[in-house]
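This is the structure, below, for whatever I ask next.
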């Protein structure tokens, strides 16, 4: 992109409260103490491809730049190798924060267009949800048809190799008791909101509230 | 004969079936019986966590509950992603009362329950700490003399929930391979990411990760890379063409499961161990010695 | 309104609530508290005032005492540990016995820790109510004086200990300086130059060291450790264990003939002083300017100890060795393998603890490859490497024999890191830049300095930073992710690669270098906890010794007569250390020159009439202050020995032991007071 | 304060050298915690007489917190052990007297542990809020009613016919 | 002029205190000739209305023993208070609640249920309980109501003096009488017994070493007791150190440890708490586990430390009788 772009940020560009929201999610609270040292980017094997470095994503999140963060490639480039989480001198659970951001991006549907990964995530989820299992090559096929069939074409050699070596699945794997799984997921949908509300209330007060690690 | 619950995960039934094919006989020969969880379901992997943490926990916890029902106190999860997700779920259930409540309500629907104390363990952990190197040495019939192996652990079994090995410099597989008589190389990238699912979705960055690993292994004179994870194996084995095309550099080097190497050393045939499933095949043992 | 107390005396209480500027007033409605207290029986007047501890505040108390014939004073302000003394004095100046005063803590325990003004105000009322009820029971008391032994013990012979000892000795006081190592000098003796002035550490330190060595008022015991501390401020009894160095210091002339003559022709044992970069013999002297100039024999490696040591420390002399050293020493006869541990017992009135710090163990941050890649060094190793008297005579030659052309210095190793040490070590930024300068000077290499935040708060420090920028040191703001030895690009081949985000440029970078220097942080000595117990001090959460008050008593500890100097209290640089050592010495001098201290009269005593002689209290007193008089069949407390803990009071089954300042009726009325207010 | 909703009232006894100082540190560090406790300073936890604890409860405290130096760290060598020993039996005895054992709490808090003061205070407020008021004085107002009141009830009560000695006890049970 | 009138009355008590009065033996005659006994239910007949008929304060002194635990006892306490110049709490029950006050560990319901239904010796299928009022042959007698809480006399009416003990000794009783009659009295509210703990007059005092620490507690019922040695030195709980003297250590003479019937000294608010404090402080162990092991020897602290004093203790009764 060689057109000149304005890069200044005005207060109106912030979605005030976003940072707080994220930091209130169990496991994400330590973001408060980020000192922007860049260790996360320093150890991230994929940071070299990111539009914002993990460190910047942390800063942007904390400063309420919701749109910038949710539209960034960064969160989708995370391969969740947890190197950043393991190395962060402030013990911030960066990988989990990135997960949190991915979830929000998907919920709000504002992830970068024609980006395969969120689609993969969703397709994967759907398949896992419906069949209880995931059959890789079917998933892959689906994915490529949804995103760019051309790429699928580019994969034919690999496909053949897999068939040759007998690593290719010809039918979709399913669990027997799919109803059971569905019931569970339904129940989760039913209860989650009020349970979380209750817990938040129970914790409240002056209490240093519980956190997921 | 000690028994463990066995959670294979989707890959070990699919592209990673060679892992299972080698895992079972090897465990058998050291006197461990794995019985597969009845009607287990996908752990949700990293993808599900990206969509919805709570649902992901519900999904994963069904397996833990089934395991608890089965009555063996420990679950073996060979796939790194499964290992991580199941452990992560345990942590969430322990740390977040809310998630715990939701999950248990969900489990009730299925007439299941989970008490929280079912350790999820990786085969490496069990081989080293339960069975022990001496017992393994004793089983070696064909030592892997002169076979130069680059031990590759990947990320998710050492970070962040693993307790059985050092997260900076894991050595369990190193020690195991040495016990098999192999020459274990100092492989500085042993815990560096292989690119994970990116290889499929965003080839450029994904394959770079894989390329770096192959390149370094080759440079250090490895005959073979040993891995513990079906996705790593897939990445390191499946994309040689693409990588060579992209970076104009020969990187062909076979990547096999550490259990396959154990099997070979135990004298099990390559066929039984599913070695024929490698896209870049490993040379038969004798040949490498030269 | 006023009430009669126990028949005779009429209690007239003056109550004062302090705003402490906004510190209290912001969270506590002071006028309302005053208004409430005014209504309580016995309260003659009740005021709120901006700063009670100020001159006018104290005058106010004194005037009121005279004007309103007050006989009790209560002040609600900060912690009694801070200002109780101030207000007691004011009360006394007003013509009352100081112990008719009582203090209420509504700042540290209230306004500073609460968020709801109403709740905080209610709490203040409750606490004040309690004090009003309590103070009515107060009695006139006399403080007791304890003589101060003018001698001082200084523990630790680093720059802090040296400076404190010299200050006291020059003031004409007797000083015992105890150092664990064979020579004094501490870490500073290992440094090459000192920031920001770059003057040579040895040049400024060694003169002070030799002064200490020959000062008539200083008894210097190196290679020794304090093993026992008894008594209290003014009269401590100390036991010092002196390890045998197998050399008689009085006979040794420091000629060091013994060293070349040792049967080990080549030095082959790791040299601690040079951080293991050099080698020494079993008989050695730590460094040329070591004080005292007395060699040491290392029993771990000397052949004469092949058959080990006796329990008392002396050698079970073996014939394995030709004892060439003894011949070399000749008729001086200074070498003595039969030397034993000596335990000295001394009496002192004050103690200065200056036990220093330990540098962070770089292997605890494996991502930087210390101990794995041989060209990764710690800062202290570099100090020796660039030092003219160091193992390489000042030439920067790496472990692989090469001279570095590019060097990366990594800041904050074992600092600001929640996985190792949370705190900032305060000196690393500066010493890293100093090393950058020295390394550049010695090697002309390209220097990269990786920092999180550049901290240069000190006279001439920022200027030094600027100097380094001008000298062309490449500063990269970013905490290094990893140091590895695998190459991705040709220029990385055979180098150590530093992977870091250059947070200012906004790129992740891979920077190949020949040498990596880890600016390791400062942490408490490994045995800090034992030392703490030995001297009955407290430690902060990070393990450094805790000062009595961060601002107002920075060198005092919670044990009177025991002071802190230098890095044992927290990381600090040489100027601050010296300043603190001087302050500690001054604190000691205060007591010594006054000659006595007044002790809180909170001692317990037994009501002789009432004591049934049940003997229950006897085993309880840790100071054996309680004795049983067989003839009278009663227990008595020796006030001189009583430290006022009140354990016996709480345990006397017939309530026949009472304690000044903390008597039953005082505490019961305090309980009634806090509960009276809803 | 009747209008304000009930919150637990805590009497705390802190030793001068460790816990009281820790509370000062909490203040200096501006940590924030619940305002329910009233701290009474003693030189050593060894001074704390079980009578104080009972008295505090009897005067309306919902809980009592005791703070002393960690084992081995007592400024007076071992006052804290003496407290620990008393506490063990006192807590059991209070149980026999119908009090929940969480109402009295013993904590070792060193001069450096300002944070711990905060957490302990907050935890205790949470626990007591869960347990609800102890309010012994209020209970006595209730209990003492039986002294005069019940006689009136007895008088007011309708006599019931006695069928051959088998007494009707409803009345009796009614107001038990 | 007529002799001063004296009354004896009993409430919740065992009658032991009456015995003491009788035990004054020949001294009783001395008393009798100095005073008119106008009321003494244990020894002579009288009617409630006789007392009611008396003028207020017409009785010189009333020695009332027994705790107050029923409406009738309360009524009598008030009546006698009104009629007497001096009301004296006589004996442990009136003074500190005594044995009856151990009932304060339970609710009335629990007590009635046990005594009329659950007690092994009871046969009562219909679970009949005493009722307050009933009609029979035209009469309607009514029973006093049993209280939930047992009280000391001074928790019901104002008391002038206390004579402690279960029972008080004849000697204390006589000196009390002498003091009353001679009119040289200590301040109102005094306990008419020495204000020093029992060890002061204990014959075994010297047999206690100065360094007794406890590693365990023996119970007098299950150990052979050395007849010479201080009980505490034998690891047996003796309330002596926390209990007023004046009994001349009679229990100790009988080789039984003091159980504390004289109550604490004037300087103590809670005899039991004080004894607990002193015993525990001298336990040897420094770890919770070890301490609790040692304390296993005191299975029932309430019964041990408040055998006679529960009503007078700071807490006075169990807080949640149902809990």
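By letter and in written order, the chains are A, B, C, D and E; residue numbering begins at 1 in each of them.
As a convention for this text, a residue touches a chain if its C-beta (ideal position, glycine included) is under 8 Å from a C-beta of that chain, and two chains touch if they have at least 3 such contacts.
Computed from a prediction, not measured in an experiment: that's the story for all the values here.
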Give the label of the chain whose average Cα location is farthest from that of chain D. B
When A-C is set beside D-E, which has more C-beta pairs in contact? D-E
Roughly how far is chain D from chain E, going centre to centre by Cα mean, in whole Å? 27
Expressed in whole Å, how far the mean CA point of chain B lies from that of chain C is 51
Between chain E and chain C, distance of the C-alpha-averaged centres to the nearest whole Å: 59
Between the Cα centroids of chain A and chain B the separation in whole angstrom comes to 23
Where in chain E do residues touch two or more of the other chains? 268-269, 274, 277, 281
Mind pulling the residue numbers of chain D that touch at least two other chains? 32-33, 46, 49, 51, 55, 78, 82, 86, 118
Could you say which residues in chain C touch two or more other chains, in rising order? 367, 620, 647, 650-651, 664, 668
Would you mind writing out the residues of chain D in touch with chain E in their complex? 46, 49-51, 54-55, 57-58, 71, 78, 81-82, 84-86, 88-90, 92-93, 96-99, 134, 136, 139, 143, 146-147, 150-151, 154, 157, 159-162, 165-169, 171-173, 176
Per the contact definition, I'd like the list of chain C residues that touch chain A in the complex. 367, 412, 416-419, 452-453, 477-482, 499-503, 506, 508
Residue numbers of chain E touching chain C in their complex, please. 195-200, 205-206, 208-213, 232, 240-242, 245, 264-265, 267-269, 274-275, 277-278, 281-282
Quick one: which bits of chain C touch chain E in the complex? Just the residue numbers, please. 607, 609-616, 618-620, 628, 633, 647, 650-656, 664, 668
Touching chain D in the complex, chain E uses residues 71, 74-75, 105, 107-109, 112, 126-136, 140, 142, 145, 147-149, 156, 268-270, 273-274, 276-277, 279-281, 283, 285-286, 288, 291-292, 295, 298, 300-302, 305, 313-315, 317-321, 323
